[in-house]
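Notes follow once the structure below has been shown.
By letter and in written order, the chains are A, B, C and D; residue numbering begins at 1 in each of them.
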Amino acid sequence: MNAVELKNINKRFGEVVANKNINFTVKKGEIHSLLGENGAGKSTLMKILFGLYSQDSGQIFIEGQQQEINIPSEAIQLGLGMIHQHFMLVDRLSVAENIIAGKEIAKNGFLNLKRAYQEIEELSKKFGLKVDPGAKIEDISVGEQQRVEILKALYREAEILILDEPTAVLTPQETDELFEIMRELKKDGKTIIFITHKLKETMKISDRVTVLRDGESVGTVDTTETSPQALARMMVGRDVVLRVEKEAKVAGKELLKVENLKLHNPQGSGLRDISFEVKKGEILGIAGVEGNGQFELEEALIGLQKLDSGMIEYNGQEINKLSTYQRRQLGIAHIPSDRNRRGLVSDFRLDWNLILGSEWKKPFARRGVLNSDKIKAYGRELIEKFDIRTPGLSVTARQLSGGNQQKAIIARELSGGPDFILAAQPTRGVDVGAIEYIHNLLLDMRTKGKAILLISAELDELRSLSDRILVIYEGQIIAEKSGEFDEQELGLLMAGRKEGEVDETA
Amino acid sequence: MTSDILAVIFNLNTFNAALRLSIPLALGAMAGAFSERAGIINIGLEGMLLMGAFAGVFGSFVTGSAWLGVGFAAVAGILTSLIFAIFIIEFKADHVVAGVGLNILALGFTTWMMQMIWGTRGASPSVASVPAIVIYFLEDIPVIGRLLGIQSPFVYIMLAMILAGWVLMFKTPLGLRIRFTGEHPEAADSQGINVKKIKYFSLLLSGFFCGVGGAYLSLGHLSQFSRNMTAGRGYMALAANIFGQWNPLGGLAASLLFGFTDAMQMRLQGIDIGLANDLIQMLPYVLTIAVLAGAVIKSRPPAALGNHYESGE
Amino acid sequence: MKLLKKLIEAIKAFESWSSLLYSLVAIIIALILGAVFIIAFGYDVRVAFFHLYNGSFGSLYSLSQTLFQTTPLIFAGLAVAIGFKSGLFNIGVEGQLYWGALASAVVGLRVGSWPMAIALPVTLLVGAIAGGIWGFIPGLLKAKTGAHEVITTIMLNEIAILGTTFMTVNYFKVAGPVDQTARLAETVRIPPIVPGGDISSGIIIAIIIVGLTYFLLNKTSLGYDLQTVGNSPKAAEYGGIKSSRMTILAMVISGSVAGLAGSTIIMGRLGRFVTNFSPGYGFTGIAVAVLARNNPIAVLLAALLFGALEAGGMTMQLFARIPNDLIGIIQGLVILFVAAPGFIRLLTKFKTRKEAGERT
Amino acid sequence: AEGDIAIVFATGGLGDQSFNDAAYRGIQMAEEDLGINYNYGEPASIADYENYLQLFASAGVYDLIISIGFDQADALADVSARFPDQQFALVDAALEADNVGSYVYTEQERGFLMGAAAAMMTQRSDEYEMINQEYRIGVVGGMEIPLINANIAGYRAGAEYISEDVHVSHSYVGAWDDPGRGKELAISMIENDVDIIWAAAGRSGLGAIEAAQENNVYAIGSDSDQGHLAPDHILTNGMKFVDNTVFLAVEQVLDGIFEPGIQVIGIEEGALGYTESLLPADIIERLEEIKASIIAGEIEIPDSL
């Protein structure tokens, strides 16, 4: 019996054909991966299945029955549950409120939060999803938020779960936990559709894989009969280097030095006495589970958050007191982890976005007057050089796919002639082709003698790019590694194991 | 001198007046809270109040019963907000634009209708209005008696409605859905909440509150309709709603503050305190700004306020 | 020539023509509904619309009336639009224009003896500065204390109306039945375009400010920064833009344009500051700005539409004896329909449905 | 054409139940009694006055164009200069022009009468149950403008003329069209034992009259006889016979004796006065004496506060 069968699904958004004649079948009780480049149409297909979008044509069968799914509540009725790529949570409400909204527990017409807490606790115990029902969403970690998303579906007694890039924001440990949960769910007889850009994950967890390319289905294969390389080829249509090679290089002079950085953050771990330095021609990786201070570190370095104490020295100059603008002037580029809100002005045209931070500088402006021709020419140049796929310069950033948004940011930041690159989660949610491209760019910068601080939750990324890796845990650097990096070891360190203990287990 | 001023400000009559002056503001603020919690910016409060005020008098004029007039007002408020809702939800009108349009339309419409019905552009004839009621057991209690013993029934209606509104918003499943919708309509949709229905409901409720608030102006406080008689109260209500953090009780508190400073201002005009009347009349506004600037609370509107969301597109 | 070409290009690039078409359809729908209203109450539609047209564009004089009504609305609309573009809802245009008006009147009286070429710009400038100062207050409050500008500007409106009255009564009043300042000399009065003609050059000043606003927002680094803050405060921070400074600046600029609305009225028709003179230009400005989707050039058109309705409504009331309030009704409907792209889409939906084919 | 008259009302518009409505009555009287035709305009703002005047003047068919309202003076000055052959009348303000006949009222005289009447009445608590033992009267003004202040100054002087013991309070609504606030202001006075309130506040005054009615004190109306609004509570009305003025101007035009120039009119000319309404006979008698003294120039009344 097929849990889900989609037949000849078509969907277009204006000019864009998001789904073209897609046939897609998921067997009951399997974990089925859905792969494809950014913008291939994965999310669209799943949103159609879940009733968030309506297909232009095509049929949906659930458990063999043809179904009309116009709105999510109908999908929920049919036992579908969806965990979205972008979390669908209300920050200022509690975990419990987020879970029960739409299927509330009431007594005499009034909300019964006490009962809701109980039910959620039972549910979370059953599937090993630890959450605090009373906590506000804005106060909990991304990993916990992910668990809340899953609980939302389980609370609605979903039999078929759609997970749209659930691991994009998770650390390896959290990913492993999630996989445990998925296996648990599978054992329970549930069917899972799993979208990811990480081929290793696909290989590890799924039973079968379907690949989309440019809105069309390229095919479905059994996981056991394929390899990451083969999948990448299916996705991109060419061979992809999954792990870039970096040449050996001796690091140059020290460019950035931080000492005893402290930043108190009541909601996260903050920074507790952090010191390190980055040299020219070096990529220094910061590994850590989300919420251990890397975000504060990122923002403090560029001046977006104030330090309580500590010293940041750049090129021999103390820059603690400098504003963000001044720091950027010194040649510090910043690829922000919060790309949607920080990195782009979503309603600005692409070419305007490409000069953010340089809008007062020549050649884009003279005495405060913008030179549109120069800005356009520059935009065209970057689109060309960085292979940003866009219909044109006047397209707003919002209209670009995630991968291309990231490319635009990187293009802007790397083109300003920086000496130091603060790269935070540079490939989050980006497809394999784009990852390859971004990695090559960063290595290229390294070759040119730039200093790079790479903050990432991707162990593979850190391992293949970094010359040295610092592990951050609860606001402190608890280990430094160089040379060949042991994945297992790094993972344990990120989870807070002391170095000594790691050595013992290793 | 100072004692004079204090005596004028802190006396039961001032509080009483503050209560009266706050009724349309508090109801308007709650109307704002409901629509904005559902994600819809409501600049149209002024127009809804005005339509309520007009329909109240019209109803009372036609039926001869003040209470039926209030019913007319409530229905008119709901119908007005229905128009607003259709434009916003179905036609995806920009919220601010639609609100401004509604206000202009309401002013034009009520004045036009006044001319068609009563042949006057200024004020309607007097109609049966809602008289104050005396609550005997309260009347004899010293302080409360003077404050609440003899009052327009609208005072109790307003207080009851605000309380009910607060309970609805924060203690019931429906309220949770409303708040959810305004924060994250797509999430609401994904969880099986009918976003459209919720928005309609919240807006119609908003219209209902405004209708009653308007009826208070024309039938509770006065007994006639007069052109543009809301005189900016809808905007004040908007301010009260934001001041009150999108919470009906907060809105009530802010409205009471406005009402109180206004009542105080009126009384200060009566005694010579060596300040020009223009300056005294500024007091409520200056105080509001001072309180707002001094308060530590940062306004945090519903996250999806002003957005459009349509399921299935 | 090149400038003209650029301007045309800019207009094309900025607002797609289809949205202008939408607006036109919306206006027609609103007029049709207005007509229904007229008929329903037993008036003659043809007579009404004849006068509506006649009074707005029917003659040079009508046109001058339309432009006269249009001018303050352009300033007010621009002021609101600048705020919106920078992420601020400036409801305080009304108050800002009062201070602009009073300041221009007071200074205009002092500099009346100077040559016009100096006196006139100075008087205008002072109005802009005064409006800007009144805009500075909510800007500062927002930047420093987070006080919501919607509340503060509403309050500041009342304070401005009372405050200008207070100042006039106590310091600048001349004898007369109304509290008002003395009459301005001709050197600080905005002259007609053609000497002795009907059309005031106020409209030229307004068009210049439209151009400047467009230029500021789209062609300058400052405009870029303002819009960045308006669009995404977080991205602005990231790009090294000081949000609080931009908030203040935006309010100051918006306030100065609002101030000009006041200045041009008193330097034009009124010839002196009269207490409580504004019938709510600042509030109509909100409608104009939103109708124009905050595009400066569209503000010009939206204000023209409102101006024409006002002027035409006047003649319609005079000669067709249809109450002026019909104009309010039509204006409200126009705004509602122009604001609602979905309505027009709905009209064309049936067709597209068919094209899209069957849906299962 | 013979007997075509145009009239431009003040911004409050028709339906104010006082000033504009009185002018309207005047023109209707002229229509009935003199057989004229008329057309009118209701400007929304003071900047629109000029448009209306210009529209009428350029039509060139009107024998007389009448401006109603003190704030039309500037606009009329401009328009009348542009149309030297057109006859204009201006009611409620002075304008020096060859083709304008303007009428200004000595507002303070009316205020004086009202103040005197109220002051006498407020001392009669033994005779009238609506009167308390305090000697307190009040006036609610619309906006703080010279015209209203002249009335209030007269009101105060009139009260003082009757008795030093009568306390007069005054305050302003700050708007002509907010009856809600007008009512609250009146209530605040009543709370302070004021038992006679003069509503000199346009439509805001309607609220003050309601307050008086509800709290069983006396109100005094303005401009027109507002007795119908609260028959048992309107003690008297401070009349400004704008209707007569308008009628007179029309009549003079028809008779060809309309004279340009400023006419200051008041009690003597029968342009200001009061209604007997609920006033007792002896007070009426006293008011008539006061009227005579005013006409005789025996009383000096201040025209500002």
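In this section, a contact is a pair of C-beta atoms (placed from the backbone, for glycine too) under 8 Å apart; a residue touches a chain by one contact, two chains touch by 3 or more.
In this text, all values refer to a predicted model and were calculated from it rather than measured experimentally.
Peer 1: Over the chains that touch one another, what is the least number of steps taking chain A to chain B?
Peer 2: The fewest touching-chain steps linking chain A to chain B number 1.
Peer 1: Taking CA centroids for every chain, report which one is farthest away from chain A.
Peer 2: Taking each chain's C-alpha mean as its centre, the farthest from chain A is D.
Peer 1: Which chain pair has the highest count of C-beta pairs that touch?
Peer 2: Maximum number of inter-chain contact pairs occurs for B-C.
Peer 1: Measuring from the mean C-alpha position of chain C to the mean C-alpha position of chain D, what distance in angstrom results?
Peer 2: Inter-chain centre distance comes to 36 Å.
Peer 1: Counting in whole Å, what is the centre-to-centre distance of chain A and chain C, each centre being its mean C-alpha position?
Peer 2: Using C-alpha averages as centres, the distance is 45 Å.
Peer 1: Between chain A and chain D, what is the gap in Å from one C-alpha centre to the other?
Peer 2: 75
Peer 1: Identify all positions of chain C at which a residue touches two or more other chains, and write them in rising order.
Peer 2: 162, 165, 169
Peer 1: Touching at least two other chains at once: which residues of chain B meet that condition?
Peer 2: 121, 278, 281
Peer 1: Quick check on chain D: which residues sit in contact with 2+ other chains?
Peer 2: Residue numbers touching two or more other chains: 42, 144, 174.
Peer 1: What are the touching chain pairs in this one?
Peer 2: Result of the pairwise touch check is A-B, A-C, B-C, B-D, C-D.
Peer 1: Taking the touch rule as given, give the residues of chain A at its contact with chain C in the complex, in rising order.
Peer 2: Residues 54-59, 68, 302, 304, 323-328, 334, 336, 338, 341-348, 352, 356-357, 359-360, 365, 368-370, 372, 394 of chain A touch chain C in their complex.
Peer 1: Can you list the chain D residues touching chain C in their complex?
Peer 2: Residues of chain D touching chain C: 11, 39, 41-42, 44-48, 50-52, 54-56, 58, 70-71, 73-74, 92-93, 104, 143-147, 174.
Peer 1: Within their complex, state which residues of chain C touch chain D.
Peer 2: Answer in residue numbers: 61, 65, 68, 162, 165, 169, 176-179, 183, 265, 269-272, 274-279, 311, 314-315, 317-319, 324.
Peer 1: Okay, in this complex, where on chain B does chain D touch?
Peer 2: 13, 17, 20-21, 114, 120-123, 126, 217, 221-224, 226-229, 231, 262-263, 266-267, 269-270, 277-278, 281
Peer 1: Over in the complex, which chain C residues touch chain A? Could you list them?
Peer 2: Chain C reaches chain A through residues 13, 218-225, 227-228, 231-232, 234-242, 356-360.
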